[in-house]
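Should a chain be cited, it is by its letter among A, B and C, assigned in written order, with residues numbered from 1 in that chain.
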Amino acid sequence: MSIRVKLEAFEGPLDLLLHLIDKNKINIYDIPIVEITDQYLDYIKQMEEKNLEIMSEFLVMAATLINIKSRMLLPAVETEDEQDADPRQELVDKLLEYKMFKYVSEKLRDKQENASRILFKPPTIPKEIADYKEEIDVNELIGDLTLSKLHEIFSSIVKKQSDKIDPIRSKFGKIEQEEINLSDIFIQIQEYGIKNKIFYFRNLLEQQSTKMEIIVTFLGILELIRLGRIRIEQEHMFDDIRITYLASDIITMEEAGF
Amino acid sequence: MDIKLVEARIEAILFTMGEAVELDRLALAIDHDEDTTRKIIRNMMDKYDDESRGIHIIELDGAYQLCTKASMYESIIKITHIPKKHVLTDVLLETLSIVAYKQPITRLQIEEIRGVKSDHPINKLLEYNLICELGRMDAPGRPILFGTTEEFLRSFGLQSLDSLPAINPEKLEDFKLEAEEEAEQLTLDI
Amino acid sequence: MDIKLVEARIEAILFTMGEAVELDRLALAIDHDEDTTRKIIRNMMDKYDDESRGIHIIELDGAYQLCTKASMYESIIKITHIPKKHVLTDVLLETLSIVAYKQPITRLQIEEIRGVKSDHPINKLLEYNLICELGRMDAPGRPILFGTTEEFLRSFGLQSLDSLPAINPEKLEDFKLEAEEEAEQLTLDI
């Protein structure tokens, strides 16, 4: 789990790549692609399939790296064409551009820090003046806009939307991505319990809100009751459930035989 | 301490607070005793009397407040009466067309069609009185349903909200076909 | 008209409105043309520079707003609690810089530079009113174009987009040199 946390610290594949380049003290214009690709893939392996969407972005970069790597490994073709570009060039350009924006965003952070010391004053328009509101003339606002023009705008948006939908796959119904990891939530409840001893069911839901997460959290609570690791109290129906954590350690789902 | 700096601090504090600030709080903030603070403020009040200033400090029961001079009233009325230029930008037009043809519609549904958060255009259209809240959807979270206003419809020559559903895309297509047929008919007749 | 009175009116208007007021509206309110109005305001700005003043006028993309001087911050927080502004995460700041320097820019172009999906930061920045939709690009799919808002300028203390920190080619050269030096260091270490 610690590895996953570390990986999530990277904003994306470019960020991870920059980190590796930095860590290895590599000249960005002369990336030892074989080495970096290996290290990059190592990181990816540690990621596991926690989040498919994030994962896929890192994989695209991995594919790019492997592609460059293979092109670098091929014997260089002797050509007169001096423009036979370094296969790494595009990646280098991307990395440099990204690095540049990381650099200016730090500068902007300083500017924001300074600007936050300047304070403004809310409007204090006397009530009788504020009450006077310039009527917004809808006719003037609409101008020469006609219903058919509006319809045209609408159609072009709807058309664009239907263009995006794959007519065959859209009939498959919604495929929900399994984002919730039951064993993780089971551990999280216990970690929360050790830290807080007495807490409420609602506390647990503060960070997670999908229906699925609520259900899974509830299942976890039921399991912990069965194991005698927590005690719960609820005065009235629909009241928040008060939970007292009795155990002092954490068990995994496998150990619990869940 | 430099008297000028103290004056600046008092001005900044009164500006930010907006409301009347008690002498003792002011004195604490500028690290002076109350008597000195009062003297400094009185001195400042004289400076604000200068005719190039539009604001001044007033004393209210041992508290001080920054406000506009009464003589400025006319100018303030004038600026608040200068109408802001209202324009239907592309973003607003697009959102309006979605509300017009899909009403009643929730914010989320608008955002799904547009593909981007749409609080801003929705709020603007509400402000312009082109769309309004029609009620709430009987669904989790009871989201607000939006529709066009009567005023909007009237400016398009429609009598009431009831007349809008008739203006669906197919209908418009029909109108177009009809018109074309009629035009053809006309040519044949001649 | 007496110039002093005009200055007083501008001060009163800016004080009352609180928000940034566009030059054209100010000019109308004081019955002067825009050039004269701008000159008067510039002159006022110099006067506010005096160290006995705790507030001053800032310019935001052709609009003017009254605010406290940054140096007054310490005194103000002594007397009142000032709510922290949204702290922008690295992700938000990075996305915002890309929009600021590359505007108008589409979501896809942002994602190409960042190398990662950016719906979340874009929506957050829209919510914070730091970026806005500028319209749609005249290209297949008509993607939405994003740009920065007046609130962005205010939050970052910028007079206009021209005052963004410069990205100069030399900086890129620096990065290159840094990287090379680091690489050399590595060889020496071995």
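Quick notes on this one:
The criterion applied here is as follows: a residue touches a chain if its C-beta (ideal position, glycine included) is under 8 Å from a C-beta of that chain, and two chains touch if they have at least 3 such contacts.
Since the structure is predicted, the reported quantities are computational estimates derived from the model, not experimental observations.
Of all chains shown, C has the CA centroid lying nearest to the centroid of every protein CA atom. The chain with its C-alpha centre at the largest distance from the centre of chain A is B.
Inter-chain spacing, taken between the CA centroids of chain A and chain C, is 27 Å.
Look at where the CA atoms of chain B average out and do the same for chain C: the two points lie 21 Å apart.
If you average the Cα atoms of chain A and of chain B, the two centres end up 33 Å apart. The set of chain A residues that touch two or more partner chains comprises 119, 121-122, 124-125.
Shown for chain C are the residues in touch with two or more other chains, namely 15-17, 66, 68-69, 72, 76. Listed in rising order, the residues of chain B touching chain A in the complex are 12, 15-16, 18, 67, 73, 76-77, 80-81, 83-84, 86-88, 93-94, 96-98, 100-101, 113-114, 127-130, 149, 151-152, 155-156, 167, 169, 172.
Residues of chain A touching chain C in their complex: 11-15, 21, 25-30, 53, 57, 61, 94, 96-105, 107-109, 111-112, 114-125, 156, 160, 163.
Listing the residues of chain B that touch chain C in their complex gives 2-5, 7-13, 15-17, 21, 25-26, 28-30, 50-55, 66, 68-69, 72, 75-76, 78-79, 82, 84, 89-91, 94, 114-117, 119-121.
Partner chain B is touched in their complex by these residues of chain A: 119, 121-122, 124-126, 129-130, 132, 134, 136, 138-139, 141-143, 145-148, 150-151, 153-155, 157-158, 161. The touching residues of chain C, when paired with chain A in their complex, are 15-19, 58, 65-73, 76, 82, 85, 88, 90-91, 93-94, 96-98, 100-101, 113-117, 141-142, 154-158, 164-165, 167, 171-172, 175-176, 179-180, 182-183, 185-186.
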